[in-house]
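Chain naming follows the written order as A, B, C and D, and within any one chain the residues start at number 1.
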Amino acid sequence: MLKVGLLGAGRIGQVHAVNIANNPRSTLVAVSDVFEEAATKLAAAHGADVRSSEDILADPSIDAVLIATSTDTHSNLIEAAAAAGKAVLCEKPVDLSLERARACQAQVKASGRPVMIGFNRRFDPNFKALKDASTRGEIGKSELLSVTSFDPAPPPVSYIKVSGGLFRDMMIHDFDMANFLMGERPVSLRAVGSSVVDPEIGAAGDVDTAVVVMTYADGRIAVIKNSRRAVYGYDQRVELLGAEGLLQANNMLENTMVKSTAAGVSSAKPTYFFLERYMPAYAAEWEAFVSAVLDGTDLPVTLDDGIDALAMAEAATHSARTGKTVDLTL
Amino acid sequence: MLKVGLLGAGRIGQVHAVNIANNPRSTLVAVSDVFEEAATKLAAAHGADVRSSEDILADPSIDAVLIATSTDTHSNLIEAAAAAGKAVLCEKPVDLSLERARACQAQVKASGRPVMIGFNRRFDPNFKALKDASTRGEIGKSELLSVTSFDPAPPPVSYIKVSGGLFRDMMIHDFDMANFLMGERPVSLRAVGSSVVDPEIGAAGDVDTAVVVMTYADGRIAVIKNSRRAVYGYDQRVELLGAEGLLQANNMLENTMVKSTAAGVSSAKPTYFFLERYMPAYAAEWEAFVSAVLDGTDLPVTLDDGIDALAMAEAATHSARTGKTVDLTL
Amino acid sequence: MLKVGLLGAGRIGQVHAVNIANNPRSTLVAVSDVFEEAATKLAAAHGADVRSSEDILADPSIDAVLIATSTDTHSNLIEAAAAAGKAVLCEKPVDLSLERARACQAQVKASGRPVMIGFNRRFDPNFKALKDASTRGEIGKSELLSVTSFDPAPPPVSYIKVSGGLFRDMMIHDFDMANFLMGERPVSLRAVGSSVVDPEIGAAGDVDTAVVVMTYADGRIAVIKNSRRAVYGYDQRVELLGAEGLLQANNMLENTMVKSTAAGVSSAKPTYFFLERYMPAYAAEWEAFVSAVLDGTDLPVTLDDGIDALAMAEAATHSARTGKTVDLTL
Amino acid sequence: MLKVGLLGAGRIGQVHAVNIANNPRSTLVAVSDVFEEAATKLAAAHGADVRSSEDILADPSIDAVLIATSTDTHSNLIEAAAAAGKAVLCEKPVDLSLERARACQAQVKASGRPVMIGFNRRFDPNFKALKDASTRGEIGKSELLSVTSFDPAPPPVSYIKVSGGLFRDMMIHDFDMANFLMGERPVSLRAVGSSVVDPEIGAAGDVDTAVVVMTYADGRIAVIKNSRRAVYGYDQRVELLGAEGLLQANNMLENTMVKSTAAGVSSAKPTYFFLERYMPAYAAEWEAFVSAVLDGTDLPVTLDDGIDALAMAEAATHSARTGKTVDLTL
């Protein structure tokens, strides 16, 4: 039984708390949050204690911590937790600074502790089915990947300003998805972005619509499309063209009802929010972490994966600003 | 080259004229119609002559006739054409009277001439793909057939009154579809009908919504659903459940566009009219007739098939009135 | 907070236990089962006590019981629980004997206690969306209902023999679905059944494939199709044709991946098992029960609904044996 | 009645011949081809004369010519035909040399004759429905366009060598589609290409897989993906994200049959070949040309459109070679 401390009792921390509690091989023993009320409420719901992060990390009876705090605290907490001997699952991104993240990576490596980054989409049953089919060779050698990832609505501009920008905050998931599905890192990257959705986002120095094209050493190509606004819901799709076919992972719909009238045929929208779409993915992610830690097997997503995606986000930010292609092999 | 006389220049005659003209192995030489203007116009469009039905049947240079006249003339024209040595393709139904149709059947058999009934839906690429998959054993032994057949809008009550009723006029196509897909005739039949769409249809002694359930000697079951009104278009679907799977043939849509907005996801309706849905089927039907006649192979649909469907329509009409199950083995 | 005793710790009892525990307004306090080991294990997982049914019913601190025992005990337990002042949610069917069920109905009515029958499909989000759209008048007046309900594989013949037969055991859900969607009871019913899937089922006196057609006082028609075997998964669909359109509720699929190769286009199957398909429905059903009991509102499904469906199952069993139409108004 | 001379009796010339003959307002009077046998056969099938191109252009009784000859003859024939006073419909591309095409453009402008370029996909009912919905404002302001265009199989390398390369030969259609759907020309373009499908294509100096990203003056973005090989058929799809929704135009399928077995759910592939997919588009294109010429209305696609797409193909060829972004405003 994995004894777990949860750092961060916000929206995503609450999701993790349920998965920690429901998993038969893990138990939630302590919760910390800078807002004590949030920690208190969440701890009560799961019979856990409210404690400070420091206390949790210092407690030798706690095996693992889940870091769901604000991004600016991730690197420090990862380092402290690894130093304290904990197994760690940390929400993405590792850091907004690639340099800081690499320092963290070095320290973690020295500690030898398992640190997993929460790229939950790898555990989505639809994307996983696509990955598995690709791995089984069902479409032969892959050639052209296309990732579509649109949020239902843009966050407040106040959030945009501290987010690190679309490439680090939003497309980082898609960079990891590309690494997951292509099985290696790209060698070049070029990015285009604009604030066609909301000029306020542009005024804040960020983009809301972006396309990145990446190439691979063996000639393969990947395209990622992002938009901060798809009014019909959370649009999360992947297509992989291979020598022997095409794999597509499509959206989950709210229900299966279809209505046909003189006005046309209508059906349900994609699930609106990332929590609806990825709830099963979060549970599967936690299960994968617990299994890897308790059974001593390889982590399915590593801190290195988090660094790779962050490096791509940094390159894309640069490319979108300069219009230049970035060589990722340097 | 098959020289063809077309009897009847109405809506369906016009469809056939194009197919006769476009087929590289047939040519339209003469057209007749009780409305001479219709015949004149259609003949002119295809470089054919306007002649009387009698003239066409008496002309030894004409190999085949296509009968697309009103239903009450079908039996007489089939008999006369077969007696005159023509190959015949006649629109359904053979007759509104099963007794009269059986007399016609006897006379045709004596003539030895090929007479095909125009059950065009057997040639629809979707239903044909289903039949072929079933024949290839892709779902094992068939067990339960379901035919959905809805018209977009009811015909005028004046037509209803002379139509022979829904079972003979509309469901006769579906009875033939059941015979086609199940490969044998049912042993029992029960029918339910009502005029829930339009009470005027009920007042005219007919039904506009009906369900027929049939059983087969080996325990298989078939269900046919008819409605005179589906405001979203011409709804023509078939499902066949077998020991090893399910086959479904779905509607053709007007186009493949999908629109997703905050109001929902919408797509195109089924094609609205039987001519849109079945245009390729009419061409394939004619091709099959030409091939069978010129190459001396078996007709894909026979006069006997027309009689079988008519007998089932008669039984359904009786069952819907009396509430009784009809034994079709007698 | 509703304090709940669970009678029956088998497969379906386990599903209910999770929902009782997860619902913020209910708590599982006791579990009983004739197999004490099953009760012990389930109770332990939820921090509940193992007690006898008698003890649970006699405990005034328990507000409600959920009856998930074998069918032959339902009537007795419903009566005893109502007499003990409990609110009751009982799995379908009320009883295999319509007469016994009606006696139970009378006694419950006298008690004044709320008794709900577990027709979980009413709470399926897809069927519920269809019902809601129909209620909002989105397709005008309904005319023709079609329910398709196929199990993935037949149960053992030993189960068939004690099941009460397909109409009472399996189609009873679809009878309730028809009552739910049509908003009233039918006036006539005719049934056809055969053992085309497995002759052993026929030898045991039951059918494995069946179709029922029902008519309503205002001319509407409903068709239900059942098969004990659909090798591709649990096939649960509904279609409702109305004056202004068609509503369809389709299957849930295992995932959204689509593969296109030279061999064709393939996608995921329907979820294979009723627990996968209806898990959200069971949770919603329990939530509806808790709300009704705690807030004093009307039960969404009543014991009367259970009796109605049972009466239709009995009529169908009779009709399938005799070939006669059953008048349900008598 | 438009009297038409057809220059070129190859595969695409034959398609046009049927549309010219079937259109009630046009008639095919003469056919030319460097292979006289091809011209003879096609002319015979439509009751037209075989003549040289010079003869056809010199004949004042011929109103219009359709140019379906090899690409290297297009510019010369367009100029000669316009000089001879003909209305012209010419297959794409105008020329492989942008410079030569611009000279042709200048000469045509001086002649004042209508010259239309055969971007048939604008007339595809699916893409047209998308364009119409966009024009009606159904998704608000457009923001992000995505065009997927995969051929079923690469052409022979011998063809590749004279084709002008993927961007001029294949993606030129998609450049026109972007111009059609976005309603204006892009301001920047960057291209990536590789020969991941077949190294022989790379050895011949071309690419077989390519992605182009374009930006527009108002911040909008368009992505085009091309592959010379999609073994499942001709994959032609468009997606347009707007402020108020998403429009998608999907593939046409061979039929509507769906098969569900224990192995999965399978359906028909996209139509395999461009002639199957775009047959209705070619007929609609011709109808649009005939209407514009006879009724004196604007051509739906102009020679300028052909030049625009060619300029984009040239820019993409350059960008893919250099890795640089091309400024299209210069």
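Note that in this section contacts are C-beta pairs under 8 Å (C-beta built on N, C-alpha and C of every residue); 3 or more make two chains touch, one makes a residue touch a chain.
In this text, all values refer to a predicted model and were calculated from it rather than measured experimentally.
K.L.:
Measuring centre to centre, with centres taken as mean CA positions, what chain is farthest from subunit B?
P.N.:
Of all the other chains, the one whose centre lies farthest from subunit B is A.
K.L.:
Pick the pair with more C-beta contacts: C-D or B-D?
P.N.:
Looking at C-D and B-D side by side, B-D shows more C-beta contacts.
K.L.:
For subunit B and subunit D, let me know how many angstrom lie between their CA-based centres, rounded off.
P.N.:
40
K.L.:
On a C-alpha centroid basis, what's the spacing between subunit C and subunit D, in Å?
P.N.:
Roughly 57 Å separates the two chain centres.
K.L.:
Would you please write down the residue numbers of subunit A that are in contact with two or more other chains?
P.N.:
In subunit A, the residues touching two or more other chains are 230-232, 244-246, 260-262, 268.
K.L.:
Under the touch definition given earlier, write down the residues of subunit B that touch subunit C in their complex.
P.N.:
141, 143-144, 146, 148, 150, 188, 190, 192, 194-197, 202, 209-211, 213, 215, 218-221, 223, 225, 227, 229-232, 235, 239, 241, 243-246, 323-325
K.L.:
Which positions of subunit A touch subunit C when the two form their complex?
P.N.:
Contacts found on subunit A: 125-126, 129-130, 133, 138-139, 244-252, 254-262, 268.
K.L.:
In the complex of these two chains, what residues of subunit B are touching subunit A?
P.N.:
Touch list, subunit B to subunit A: 230-233, 253, 260-262, 264-270.
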